[in-house]
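Given below, in the form of structure tokens, are the structures.
Shared chain: chain A. Partners: chain B in the first complex, chain C in the second.
After this line comes the complex of A and B, so read on.
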């Protein structure tokens, strides 16, 4: 019988496993898909699917209440980054109307060890997808896009999140 | 694209200590998406498993050097048994937080070894549909093992099976066994 000493918390995995698995997926997609735009879209879609399911886990774990304004939502998103990716992006650059903000980070387990091809790939497209999916499940329609990307030579990665509208009726999961 | 490409390449950065952790829920969801992605692109269970193994091999290739440099002071294994123990213990421990449960040698075939794991982390949240009974998504792990062994100089084929949990069947190339014997004789 072997020893079963566990170094990791049962609810955690080694971040390198995530880094490499995600990297392997992206490179597999690039191999199988001709068009980089399609890869970006697929990654966003995968993130969306994950977000749709992650939100439940998030609500169960944090017992969060409904957010009344975007500032609260931004805090929750920040908290989710900490919970799921063990990273802490800064929330900044609020628009004057308070419906648009940026998440800025300089380190992310998804993009460790990545060297980018020069072809317009949005390597981390998973993240905006996940935010969109998760917020849609709490009746918030948002738009997310990258303003700066470290992998493309910028000093930090900046993800812009913009509130579009409140969804009145909950859309069934998994449908566009 | 941009003229200001990042100045420091990944080789200029210090090697991470590998102590970072992320949520299992997130990883499980990502893995489930990977399985779905592969499934959408395959017509048979075999094809799906091949794809999962291929992605696993991509991961394994990158782990091999990383772990030998970091966990073993850059010393590679040259003996077959030690290499297998490296996979069972070091690799599994660092990657999944626990060692694989058992390492066995087939009675009737000296080329074949089994690495047995009762609960593969990767299968934790996966329920296999009845009509796909033979599918084992831990084929992904088998791919990792295959790449680590093969790229480490021990060419082998590794497959995952449902037996005492998950059993990874490692079939080495004849050349590996011959070489290992000649090392013994010296």
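After this line comes the complex of A and C, so read on.
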């Protein structure tokens, strides 16, 4: 019985590899650092760095135009989630002033097969970091944080995004 | 399912992270790659567990190597391996002339010395893969670089 070359689904394998590599990274970080807050910060920064470069890919692929208000930005973020993680978060809970919203999802490739230690780890801190980094590259300063986290027993994962200001200067503040 | 570019970005961030972790011993040229290796190992081990769960056991070493060079390599590195040599005593030399994670390097000598850092992670995913199949393996791998940095050679023993 010979094995066929097409037995592996490349897309699926790569996606799983990402999940597992990320998992290995997080567990390695936890081993190295006692302080969970530090790990969260590190993950956020890794996400930030990725976001900074990811936005270019996003703009190239989608040929998006400039967003005029936060609602458009939210749509784009939603689109990016679909493009990069094949997931469809819902945009909800807009604040009355229209500068703050939530992204809600119940399934994420990153957090598959994850068992959480009970120590305040924000496993998916990569995602808010990436959003922050990407938006900073298009002169939007936002804040991103988790309100609910499935990995901590909530029914869904809710990520809150808050508009802070427009960055006038095109040079973003270096993060190091 | 996640897009490929995410993995590439994550990969370079992991390298970045491990460099930062080991920057205390800055004076040394050869960086401490154990973090990258560990991450590669753990991820490789687990992915193999998932991929081959329902497969018949590999018949022998050669069968395993064949799997690595064809199925696995095309999946992860997006191309066939360019050359596989063996001395029939358990040493395999895998050669890839355009390794996925190195093609982003500019084509010159300037960064040549940094290249090994980048390779570490994939090496280990290979190593662990073998381990997972109970073949005496991983023990050693080496990177032989030639003028073109995209040439990585790996020896599994």
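In this section, the second predicted complex is superposed on the first by the 158 of 176 C-alpha atoms of A that agree within 3 Å, B and C clash if a C-alpha of one lies under 4 Å from a C-alpha of the other, contacts with A are read in each partner's own complex, and residues count from 1 in each chain.
Operating definition for what follows: a contact is a pair of C-beta atoms (placed from the backbone, for glycine too) under 8 Å apart; a residue touches a chain by one contact, two chains touch by 3 or more.
These figures come from a predicted structure and were not determined experimentally.
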{"item": "First, second, both or neither for A:146, with chain B first and chain C second", "value": "neither"}
{"item": "Touched partner set for A:101, first chain B, second chain C, both or neither", "value": "neither"}
{"item": "Which of chain B and chain C A:112 touches, first, second, both or neither", "value": "first"}
{"item": "First, second, both or neither for A:28, with chain B first and chain C second", "value": "both"}
{"item": "First (chain B), second (chain C), both or neither touched by A:86", "value": "both"}
{"item": "Touching partner for A:123 - first (chain B), second (chain C), both, neither", "value": "neither"}
{"item": "Broader residue contact with chain A after superposition on the shared chain, chain B or chain C", "value": "B"}
{"item": "Chain B/chain C common contact set on chain A", "value": "1, 3, 5, 7-8, 10-18, 20-25, 27-29, 32, 42, 46, 49-50, 53-54, 57, 83-86, 109"}
{"item": "Of chain A, residues touching chain C in the complex", "value": "1, 3, 5, 7-8, 10-25, 27-29, 32, 42, 46, 49-50, 53-54, 57, 83-86, 109-110"}
{"item": "Residues of chain A touching chain B in the complex", "value": "1-18, 20-25, 27-29, 32, 42, 46, 49-50, 53-54, 57, 83-86, 109, 112-115, 118, 120, 126, 150-154"}
{"item": "Partner chain A, residues of chain B touching it in the complex", "value": "1-2, 4-6, 9-10, 16, 18, 20-27, 29-31, 33-34, 37, 41, 51, 54-56, 58-59, 62-63, 66, 88, 93-102, 121"}
{"item": "Touching residues on chain C, where the partner in the complex is chain A", "value": "1-7, 9-11, 13-14, 16-17, 21, 35, 38-43, 46-47, 50-51, 55-56, 67, 70-72, 74-76, 78, 121, 125"}
